[in-house]
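What follows is a pair of complexes built around chain A, which joins chain B in one and chain C in the other.
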Partner chain A sequence: MADAVEVEQGCLARVRQHFRQELDGLRNAGLFKEERFIHAPQAADIEVEFPAGATPRQVINLCANNYLGLSSHPEVVAAAHAGLEARGYGMSSVRFICGTQDIHRELEQRLTTFLGTEDTLLFPSCMDANAGVFEALLGEQDVMIADRLVHASIVDGMRLSKAMQDTFKHSDMAHLEEKLQEHQDKRFRLVITDGVFSMDGDLARLDDIVALAERYGAMVFVDDSHATGFIGKTGRGTHEQKGVFGKIDIITTTLGKALGGASGGCVSGRAELVEMCRQRARPYLFSNSVPPVIVAGALKVLELISRTTERRDALEENTRYWRRLLTEAGFDIKPGESPIVPVMLYHAKLAQDVARDLFAEGIYVVGFFFPVVPKGQARIRTQLSAAHQKAHLDRAIEAFVKVGRKHDILNKSKKAITERYGL
Partner chain B sequence: MDELRRVILDYVVKEYLEEGDDREVVVDTPLITGGIVDSFSMVSLKRFLEKKYTIQIPDAEATPTAFDSVERIASLVERIRGARAGA
Partner chain C sequence: MAGSNVIEVTLPDAATPTREDIEQLEATFRAIVDLRFPDSRDWQKVEEALVIDGWTVRSQLMWVAEAHKGWESELATGRTKSEAFKQLQQLAKIDDVAGVP
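Right, the complex of A and B next:
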């Protein structure tokens, strides 16, 4: 018995040592992620404790996916409270055993109408929707052709499917067409893209993708997590913006960003495809239902954004204003129309240093670098919200200019920045 | 540069470099660790080699390390073709 204990302790010691070294490696490479503790509801102004143990300070939040400012909206909070009272806290079940309430189906129907599809199935998250959808629908006779910049959850989901994987260069329609021609021998072809790309903020060329898909007999899949609720004239998503509403075969999206920001996601699309996900998608089959409190809040969100476009209009205006301020100040930003506005710094440590200095100035942003973005493409990703007032953005640009001057990056080309800091 | 390396190099440049990407790729340029090819898009390269040279590259050998340069890929292809010829 004593020997068994010693062996176990020896094993644990080896495991601990191994992972301590791994973690030290991440720290030394500057890849270690640290959480910042927020002492407030999600909003444009938040109190943040960072580093851990520091006195919380008031900062302007420019890095949340709270695009419509609904995460803490009083009507959404009230609806969530009412849902909690009316339908309880949890379901203690997966959907198909005893975890489906009337409000789950109501939310699915409301999402179907909003997205312009035929049916919808809720998942615990969009990550889960993406993890389940490809395996449920495609087999080894089929091919998945994905834009190379799709979200990591799509990459993971594709790896779980037996269908052949292929990729095309980011938003390169000629390359996609080559791939569609190459795979004409397959049973089904599925073109896969994000609607709005999360790191660059650009929109997929869905009109061209749908045209190619029609020409070559392919289905189209769009993850519209960074678009649902605000892209397009009435906020239905990238398919509305690109004039292909009703023509997308499968849309996945999230309740965890613009639509209240809690959690939950869905697969929405052609009725038979959604039904097959209901029968076969493993994250749906083997994880608990979205909690009633979130369903009730999401129903209120859909009601609010179907009633008026005021919030997405305010977001659009904030986006335009912020892009103009950054450009006039001499920052190198990725062009586009989405509220994801990347400020390009190219060098990983520079991105981290600028983010740190901005935090000291009361602006909460995060630096992104390899492997989250390609090598030599480090950046600070700023994200707008309908909850921002012009005063927030005016205050933020003052801080950006101050920090930009300190690092001598204003009105500097990529070449000038990389010559000084490297890649 | 021999024909095998030329074919692989041409494929890598055509398949992976974006328009306007002026990085020079030579036979020993790091592809995976250099951020030119990622493990997600590497599958098309594997399939190209299998089709072009009528070989089967076992998944266990199609590693990011083995695919990290044109030189390494060519060596892998040579080894697999050599083993088949000697079988």
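Right, the complex of A and C next:
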């Protein structure tokens, strides 16, 4: 007995030692993720405790996916409360046993109408939707051809599918065409892309992708998580913006960003494909239903954004204003039209230092660097919200200019920054 | 000869095999031996059981290509070496960049 205990202790000691070393490696590489504790509802102004134990401080939030400012909207909160009272806290079941309420189906139908598709299936998250959809629909006779900058959850989902995996260079239509030609022998071809790419904020060339897909007999899949609710004239998404509304075979998107920001996601698209996901997608089959409280909140969100485009219009205006402020101040930003506005710093440590100094100035942003973004492409990703007032952005640009001067990065080219700081 | 069930093959004097050559010769002979003198027929029982369960089963010799980097690893198979490497490249390429939420 004593021997068994010693062996177990020896094994545990080795395990601990191994993972301590791994964690030290992450710290040394600057890849260790630390949580910052927020002492308030999600909003444009928040109180953040960082580092842990520090007195919480008021900061302007420029890093949330709260694009429409609905995460703490009083009507959404009230609807969630009402949903909690009317339908309870949890379902204690997966959907197909006893976890589907009338409001789950209602939300699916409302999403279908909003996205301009034929049917929709809710998942616990868009991560889960992406993890389940490819395995459910494709087999070894098929091929998935993905843009090389698609979201990590799509990569994971592709890995779970038996279909052949292939990629095309980011937004390179000539390369995509080559790949479609190469895979004409496959049963089904699925072109996979994000609608808005989360690192650069650029939009997929969906009009060109759909045209190529039609020419070569392929289906089109779009993860529109960073677009649903605000991209396009009425906020339906990238397919609306690019003039291919109704022509996308499969859309996945999230309730965890613009649509209230709680959690939950969906697969929406051709009726037979969605139905097959209902029968086969493992994250749907083996995870609990989206909680009623979130469903009720999301229904209210859809009602609000279907009633008026006020919030997406405000977001668009804030985005234009913020891009102009940064450009005029001499920052190097990725051009585009989405509320994801990356401020390019190229050097990993510089990105971390600038983010830290901005936090000290009351601006909450995060620096991203390799392997999260490609080598030599370190940046601060700023994200706009309809909840921002001009005053927030004026205050933020003051801080950015102050910190930019400190690090001597204003009106400096990539070459000048990298010559000074390296890559 | 090293033993009754070990076959030694002398390479021509002019041959200067690389490590890859040796690996391929070994793999080729191993495949021939496994086809001609399998160490057991247990695989047939597995095959029969799977067929009874409704599976259509086939087996074939394939190339395996592997890549390792830190804690990451990729493995691909192909009927030809270039097919295996092509797939390996896709697997390694597909999450080159971790991305942001």
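Please note the rule applied: the second predicted complex is superposed on the first by the 423 of 423 C-alpha atoms of A that agree within 3 Å, B and C clash if a C-alpha of one lies under 4 Å from a C-alpha of the other, contacts with A are read in each partner's own complex, and residues count from 1 in each chain.
The criterion applied here is as follows: a residue touches a chain if its C-beta (ideal position, glycine included) is under 8 Å from a C-beta of that chain, and two chains touch if they have at least 3 such contacts.
What you see is a predicted model; the values in this text were computed from it and never measured.
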Overlay on chain A: chain C relative to chain B, clash or fit: clash
Touching partner for A:38 - first (chain B), second (chain C), both, neither: neither
Which of chain B and chain C A:376 touches, first, second, both or neither: first
Which superposed partner A:299 touches (first chain B, second chain C, both, neither): neither
Touched partner set for A:169, first chain B, second chain C, both or neither: first
Which superposed partner A:148 touches (first chain B, second chain C, both, neither): both
Superposed model, chain A: greater residue contact from chain B or chain C: C
Chain C region in steric overlap with chain B, selected from 4-12, 22-30 or 40-48: 22-30
Those residues of chain A which chain B touches in one complex and chain C touches in the other: 146, 148, 155, 164-167, 370, 374
Sites on chain A touched by chain B in the complex: 146, 148, 155, 164-167, 169-170, 172, 370, 374-376
Contacting residues of chain A [partner chain C, same complex]: 22, 65, 146, 148-152, 155, 158-159, 164-167, 198-199, 368, 370-374, 381
Chain A-touching residues of chain B, taken from the complex the two chains share: 16, 18-19, 34-35, 38, 40-41, 43-44, 47
For the chain C and chain A complex, residues of the former touching the latter: 71, 87, 90-91, 93-101
